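The next part holds the structures, each set out as structure tokens.
Here chain A shows up in two complexes: once beside chain B, once beside chain C.
Coming up: the complex of A and B.
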């Protein structure tokens, strides 16, 4: 058994190494192919040279094409060139533009693929995450071979495989106030494809300081939202939402889900708005917000306020400058910590580890196990003999807990033991369970203890085959 | 799809003598907190959108959570707290979402 385990981990390691090398080689191949294409296009003899002026670096001019598109580009983008409302002017503007997509996740995946395909001249990708199995259902730019590898590497390889002729910048790092001004300043248009409030405020503020249009998309559950901010005197994110939304005390334990195609739809629309801005075609979604409701199959576009003269960032008397930006604490402002540090609400005597709980089960110690996750989480997986009362309903359904405790108590009356059963509380990651224990202790359940780290700790430390999600 | 039943909750205020009925569209967290995508709200005529919000928070106290951070749209147009609602107006309450 041991030896086998060792062998397979060796194989997994080698596989990972080979996959990484494979992607590097593929990247190199596409770069070289692109280079070769450029050189052959440049040296190709051409009848169209008529004015005696030719530059080897711009093959299109040799063909006498004023719009600057090479023959390959004409063929590649022909369906866009044939579009009367788009045409060569829009295409050559697009080829000269640069776009930064922040986040290579559910929104960024389709946005990046379309932006690469349609011929944005330079495409930047920034993300600090690695590809995980539970990303695959919505982050369609990534393939299984890249699980465990940086999303930026994976996304860049996919974009290059679609279009090897555009320039792709890889930023494998988190966007912070310390690097945002420098990175965003290198691009014409910014696409917000992130997934959290502090990033949204930070990106919007940075775009105001740099005067960049921001194509902002968001998706959660069955709904999506889309707006173009800071464009042509239009509002910024803060004009609309000067006060950040309150985050419930334990965001991380009640992470809501999303149906993969919902961010997909919004990400595609982000690509579309970006293309419109870059090519100066159509009417951008500025001072308007598109609302997508997947369940009812409804799309609504509502007019939203214009720029607010009182906005602390883009308003008339704003004193928000680059220095203030660099010092601004967005996680504190939004009360949304990005580094998922666990809560620590309880004294150690009110808590037990998952290993300790396993011993309690083995000793068949009398207890009640309360699972405070939402019921649809409970349906995915749960520990045996647990009682599910979601944290949000705990107060209202406290009598269910009281009778569960009483049952265990009564069971032992005959033996003459009158001690209360112990009460343990579990959730997904060990934050909600602490809030529940705090409440329960205040409500007279003096023995309530939380299981540190929740079911994730159980899976890591006790039972590796216990499903995580 | 016929099966999609629109859940319309009717909320009436005490004064029905001269009142207007508006349709309230709830999005994102506001929908989660109330449990409905839309509802009919009866308010005294001459009520402002702010008054409508007050009424809603009375009926759904949990809505207080998002009140300070919503975009309001009246008949798909930008509106302010002091705008007067008319019979059959459509008031959209749109909290931001930030997922992706």
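Coming up: the complex of A and C.
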């Protein structure tokens, strides 16, 4: 335990260098594996066409097997072939099928791994995001070596390492109305593993136009939901939710949190429903919805409405065609911007930067620092000497703020100085703090100012070792 | 009338984070049979403690909320006109979008 600062910083440096090299090597491996696969596929074009998959081993035809499975495939998928309710016919259908998974996140991770493992012939992955450290607890397809790299590359490498005999398509791009029809049309089944309302409406509408079944999963906090849309005369997403919910009802995992295993459970079930559709086995979860409550360990399957004849997209008199789809603004429709800039409520004089706030601390200027984040956020990390009153309770607990301000005043009674202490308001990213300042100024706290960019800006611009979440 | 009311998908936050409510609902004056319209109004008055606009819009639930009467979408039983009977289980669930 005597290690001095010099030694440990050297170790840290060497570790960083090694990690960087490791990540480069893994990336190279993934690229080479992809290349090898393309070469193999090119050498055996007949096989690739006949059953939608490229096998490096001897073609099935030599063995006279009608189902088209090669000896290697029979061995690899034997435990599924042994299932009387699945068997070689279902496996053969699976190998001929193609599936697109939209989103390689918490839902997409287990869905992709199982779909690759079970032998879906061609698996498409689309996502525009890169892997981040705060994804790792739930997006189990990614490894630390891929942090900073595209999720699609990472997910594709993981799928290939599980099953090198299936074809994997990488779409490193965002799904938009301009490319959705073209991309989705290349697949038999679509898996919605996204995390926001505009994408969910867009994907459902696109599936209706193309006549594709949609396996839709969602998870947040401790709950998950699953259903199959647009299958065999069943409802589409719009039949169920013709009007988008208010934006305030659309929470994100990055704001509300999610226990990693919850999307894991739903993602696994999405893989299961997809396998059932692709192999034509069992009863798909159409016109039914599965509701999962992790805390009480309860799963409920409920009956939901069928296709609505009045649905504006899949209804009898729908005039929604490909051209309307291409011009449809889903972010506007759902009032849910996908690239939300920071809020800008306040005039410049009501705001200070985190660097300016640091100077105030250094000069020991009299002030009250109000943190308006929810209390469970405050418990994770906070600035010293701050007062926590969550924005939702600010109005009800305003007297606590009044006394805190008064306390700072009282401290200087003896010197005869009665100037009010300054009041600064901080939150996680600098949006709620502006709403709070606006309210406070209307309620007589004339000196209230918000710290621009919140604690995230504090961590970026002032103290890089301050934890972010 | 003994009923079980459940809130999920975040709607429980509007009723003090309690998901399952075993309640006793009396018939409103002059009403012989309770229906969902009466029940929604009862829920709004007796269970919803904050932000009622996150639960209702006009006289029905807000967009994005599914209502299930005995595990069946209320669209299949007449929405607001759905008759409620002793021991029924009514679930209000907000659709999730995360992943």
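Note that in this section the second predicted complex is superposed on the first by the 405 of 469 C-alpha atoms of A that agree within 3 Å, B and C clash if a C-alpha of one lies under 4 Å from a C-alpha of the other, contacts with A are read in each partner's own complex, and residues count from 1 in each chain.
To be clear about the criterion, contacts are C-beta pairs under 8 Å (C-beta built on N, C-alpha and C of every residue); 3 or more make two chains touch, one makes a residue touch a chain.
Note that the structure is predicted; figures quoted are calculated from it, not measured.
When both complexes are superposed on chain A, chain B and chain C occupy overlapping space and clash. Looking at the shared chain after the overlay, A:105 reaches both chain B and chain C.
Look at A:219: by the touch rule set out above, it reaches both chain B and chain C.
Shared-chain residue A:124: touches no atom of chain B or chain C. In the superposition on chain A, the residues of chain A touched by chain B in one structure and by chain C in the other are 103, 105-108, 193-197, 200, 217-221, 223-225, 240-241, 243-246, 256, 258, 263, 289, 291, 293, 296, 300-305. Chain B makes touch with chain A in their complex at residues 4, 25, 27-29, 31, 37, 65-66, 68-69, 71, 73, 76-78, 92, 94-100. Of all residues in chain A, only 103, 105-108, 193-197, 200, 217-221, 223-225, 240-246, 248-253, 256, 258, 263, 266, 289, 291, 293, 296, 300-305 touch chain C in the complex they form. Against chain A, the residues of chain C that register as touching in their complex are 8-10, 19, 53-54, 62-66, 68, 71-73, 75-76, 91, 93-99.
For chain A in complex with chain B, the residues that touch the partner chain are 103, 105-108, 193-197, 200, 217-221, 223-225, 240-241, 243-246, 256, 258, 263, 287, 289, 291, 293, 295-296, 300-306.
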